[in-house]
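In what comes next, subunit A is part of two complexes: it sits with subunit B in the first one and with subunit C in the second one.
Coming up: the complex of A and B.
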């Protein structure tokens, strides 16, 4: 019986079941995914709004991506790094003014209504473009979505928009929500934002604040035989130390997003029955960045910024703060990006003597107490690693005579202090690279962004040349020309240091041996888990 | 002299005094034994204790010398404990004296304010204060004092209520002294001993509160504190338990030392009172 299933799937491979079928041959036929079972995993936060079409962030995707699907998902070996989800194919017009999506047939919403191109049009025009944190920039020129039939959606842009950008944005920005539920009342206040309804392999079942979220199997899912799991339970464990203990006690079977502290990984990898997985986050690279307030006269001096870059021992940061689970950074695009990264940029090797010389040259001599000037340093509180890097940076700056005073804030106060009040000199931030510099990277150095936009250039940096380059790249339709412009962008950013990129890291999953099909796409933790299964 | 001998009669008091003396020595010697920034990186990260004698108690997540941090942490803990207790006693004594001596409406008003402060859990009050004003050493001291002054205020008021009926107070009134002068020059000094007896409890509580605030990330991040060290070590509790255990033990010993000493002082004065 089971062999029959596999041969049938083999025939279907190439379209919908690419994901499942790529996983099967490598693992071997012995490990046929088993149906049934409940996967219990650790969740470290309880997002208020669970609508991924409005809040495109990993915290929301982690839960909602199982319920609400996107048009396409990231893939290790698919064309352009994508695999189909709700859309079967996508094609950009040569003039950059339209993109045509062919949608999947026979897809039903969790409430039984059919999924059509009207839902895509509604989501794109009413939610992604006006309301979504990331969609606002990517879809800013989207003028209309034509729906000639129920399974075709044609995005029309007012200005030429690079197809490469739209393609790269699909996995994170294209969550489709049901029009029939959202067209009445205010979208932001819709009850489905807290109990999402989608087309995904799992349905939202229950949420107990402070305890758990429960998702149940969608029996009418379009994927053949999928999903394999009956239930997914997100156990809320905000304390990072408790996730490791819960895994060992077999209370949970999976802890994603580095819920187990890095320092514990070495020990936990030796526990029988548990495995440490570093794959499956390639599409979610976080960047460790020193944000610079260029309003400070000392920091407006390029020599001072170069001195700070030379004072940071990136290898030490990777080895000590990240315990090796990271890579040193050279510029604003991470090394693991297959499309845009270039290593051909100015670099700043660790050299305290040179840093001191640069500061002397800039005219900031050491006073009698050995200090040149004092700074306020605000490490972002979201990750242990950003806080620890703050402690390290304070020491690194002390070595070159800069007296940094650390100011600790909670998340809300940190965002206000840095991105609204600009009450910082240096800040440590963890921006995310989302597969295309235009999605969330150029905004970090572009000028003219209004106050209060988080994770954007709020340091008062203004470089007309760089701004022009960013605009030009956003209008360039030819993929290779556009890629070249972003290579130029990396060089300029590394040369002028509007911010200092220190390291790039991603997350680690720890799971019991019984959990199958883990980490089989570059955004695995935030993908739909239709093919995830439990062995026993 | 007599009292000192009486104090050292109990072994608890001796133990307490020894611990406190050691702690004071640590705090005073810290800048001499470990000059420079105790948060400077001294070696490879997460070295276990008793391996490398240049860092006898090992190193933390960033490679900082745990022993140096411990010594400098003693300074912070003692400074915060003493300053907060002094501030709390000062506020408490002034409020209590005013309330007790003035009586009437002023007494009512001041005591209701005291009640209001007492009904709020003191740690919660400190927590809220620090998270609003922002963490720095001065704010932490103020926050702890703010949550600890009510005890001394009540004790001071009770003492003042009995003292103000004494003959010498009536005498001072007759010679025309200003009421405030009588309150603070004649009454307060005599009301102080029982208030001061509270000091050991307050210092110990202040050190614990400071540690708890630092543990929650609300301490001054530019200073080493024991609470902060415990919090830092917590993430690696399973792989490097010494990072939390060492400052934890120091904290326990300190609070124990202060309690025992305070106990000894109270007992010796109690004996002397009953003798006299």
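Coming up: the complex of A and C.
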């Protein structure tokens, strides 16, 4: 099939066969997905480890989720927001000490061996719990996995663990890898980490460093008639401006994860044959947060933090920095979360006069030059938007007499400065909300976390009441009681402002009209794409 | 012993010291940069304190700087470049995989800027002050003033997006299965834009140098003598004026080979060419000290070799070079 791909380079090579196939793609609405074809899309990074069971991150999932499957995937309309993958059902015991998974029958690994409960037990105990970046927290009390038969896996916990948390963790944390390939040698050095083997709709075929990854169709996939595509090729395009050009030149058909910068979207949406899609990332919400170093005496004062919150015009930030592709935030849980979000929290409307009054009250009067005090502001360099918000924040602070000096670092230096050296007063960070506050949200405000842990409370904030609430929620088994506690948590955070939540955003896809079944689940870009197809 | 061999021997001895200084200096500079490979890695993953400690131990980052430098130099003595922490592969393998791409890109771009630059320089310098001289000088200067990445982007928009004559990036068609001649042709087509972007920028240097040298040579007595002897103008331009103006260009060629490596960092990113420049950028971002040292070492060797070749070319072009050492 590959020789039928439309390519200018092929044309230059003068192949008549290629000429015959360059008919313009017809723009239409096919009702039934078409089989076959190669989907070429932009990739902006080459992760060093492609094993999603070890590295649960979007960069790895983007590629590996097509090869290695999880027990369940996120869903817009499924029960508890989930749809079955390798597990057909999941049941939590009332005492919180066990969760039983019924597994899918007749599933084969890419090397032909059958998938069984032993693989699940091995992945959970040998990888998720001891090695996985997120699993080390969520599965810390996992003591054993019983496998009474080949299709049943019973997770046993040493301490009561909320079933809601395990459920919410399934889409991101439960990638199952084959025991027979991983039980020999060191797991971290297994060759399958760079050429993953899974049960998914696509097999890992080829990787050319700096050029592309190629995945091919798994003919023995368990999904009926799936997958539709023959091949998926990730073309490595390190320069962000080139993804838009590649789409226009029809060299790629899809750019996910905002590979096309926001500023280009308006123009590119007018290009015939291209569509801009904002759906399909609801389960991958990033939060724009001002991290506060409470070791600074001024910032340890609640009135000063309230003043800063009042000084930020969140609507302006959404309109100007995110060009409208974001929402304003009220607290530590994003508005689009269906389970935990509450709007019933203290809010800080944009009010410069009030902010100034609060600072006066706190005893930080303006000096003769109009300035109250100076501080260091470190915007995280990972996104254009975090850097731009840093520039905005500097101006917003100037309006209330706080003189912020921006310190720009690259990623490694920023991580070190903020989370290890604590060499900041304010920082702009983009933490991720992962479907449950216990996975990576409460850690942002909890005290007692060792130095050097990234995306955690390294600002020296300590609130015994809030800490107690976090512990209580982590032990509460009843789903509605647990949800209530997290609503309480949101109120407390919004009231005491250990950090300031400004906005929430996710990514944008740009695709050719010929790509079908895009964005049909809340984690689409990192799901398995078994039903994605190409009209020709 | 011939002049060339003496030159070669002296240069080789000096090169070893140059390389040692380059390695130690780069190591210390990289160590001074805030954050290490683990900091760079956890940007995209996060992780708890235990995991971070485990990674530091596994990647050998819990050892002192001095121990690591000593280990690196000891391994280097045995011609072992070590293991990359960001790619978890042997560094020699990674570099050798990317080196040909960068050499082709740099070689073609240098040939383009040197060849076209000196040819246009001769054309302009044949009649200094003429209309064509002014036009070429100003035009080349305009190209030189353009930032490399911008020129690259403009070329992409015009020739790849609008006209669709050439591919927007990459080194060859993805998973094309082409071999032999058709693969070479494919790579050549892919290189047109990056080589132009890289080459056109430096073209001005050679053009202006050639032109200036020639303008100077026209005023020399031997040119007057040649004209008095009634030699044809064409012969005077090429054999007398241009040849004398060529020497500084050759010096420039050696110096510029080092600069070209720097320029290719940007161009390789814009055109998604998998070369050494992009690798170096990734190594810095990932704080992959051994990988970056490996790249620097390879580049340093490359620059030393090119300059050696330039010196040898000098000895051939100018009989006076090295003559004083012949008896030493």
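Throughout what follows, the second predicted complex is superposed on the first by the 506 of 536 C-alpha atoms of A that agree within 3 Å, B and C clash if a C-alpha of one lies under 4 Å from a C-alpha of the other, contacts with A are read in each partner's own complex, and residues count from 1 in each chain.
FYI, contacts are C-beta pairs under 8 Å (C-beta built on N, C-alpha and C of every residue); 3 or more make two chains touch, one makes a residue touch a chain.
None of the values given here were measured: they were computed from a predicted structure.
**Student:** For A:277, select first, second, both or neither according to whether it touches subunit B, subunit C, the two together, or no partner.
**Tutor:** So A:277 meets neither subunit B nor subunit C here.
**Student:** On the A-aligned overlay, A:93 touches which partner chain: subunit B = first, subunit C = second, or both, or neither?
**Tutor:** In the superposition, A:93 touches no partner, neither subunit B nor subunit C.
**Student:** Return first, second, both or neither, reflecting whether A:362 touches subunit B, subunit C, both chains, or no partner chain.
**Tutor:** Neither partner.
**Student:** Scan A:241 for contacts with subunit B and subunit C and give back first, second, both or neither.
**Tutor:** both
**Student:** Figure out whether A:188 sits in contact with subunit B (first) or subunit C (second), or with both, or with neither.
**Tutor:** second
**Student:** Applying the touch criterion given at the start, work out whether A:410 contacts subunit B, subunit C, both or neither, answering first, second, both or neither.
**Tutor:** In the superposition, A:410 contacts both subunit B and subunit C.
**Student:** Have a look and say if subunit B or subunit C is in touch with more residues of subunit A.
**Tutor:** The larger set of subunit A residues in touch belongs to C.
**Student:** If you stack the two complexes on chain A, which partner ends up touching A:440: first (subunit B), second (subunit C), both, or neither?
**Tutor:** second
**Student:** Would you check which partner chain A:450 touches, where first means subunit B only, second means subunit C only, and both and neither mean what they say?
**Tutor:** In the superposition, A:450 touches subunit C alone.
**Student:** First (subunit B), second (subunit C), both or neither: which does A:394 touch?
**Tutor:** First partner only, subunit B.
**Student:** After overlaying the two complexes on chain A, where does the subunit B footprint on subunit A coincide with the subunit C footprint?
**Tutor:** Overlap of subunit B and subunit C footprints on subunit A: residues 241, 409-410.
**Student:** Okay, in this complex, where on subunit A does subunit C touch?
**Tutor:** Residues in contact with subunit C: 2, 7-10, 12-13, 40, 45, 47-49, 55-57, 59, 131, 133-134, 136-137, 188-189, 194, 206, 208-212, 214, 231, 233, 235-239, 241-242, 245-246, 248-249, 251, 382, 409-417, 420-421, 440, 449-450, 452-455.
**Student:** With touch defined as at the start, can you tell me which subunit B residues reach subunit A in the complex?
**Tutor:** On the subunit B side, the touching residues are 37, 39-41, 45-46, 61-63, 131, 134-135, 217-218, 221-222, 234-240.
**Student:** For subunit A, which residues are in contact with subunit B within the complex?
**Tutor:** Residues 240-241, 244, 261, 263-264, 266-267, 320-321, 381, 384, 388, 390-392, 394-395, 398, 405-410 of subunit A touch subunit B in their complex.
**Student:** Of all residues in subunit C, which touch subunit A in the complex?
**Tutor:** Those in contact with subunit A are residues 33-37, 39-52, 58, 86-88, 94, 97-98, 153, 156-157, 160-161, 164-177, 182, 185-186, 189-190, 269-275, 278-279, 284-287.
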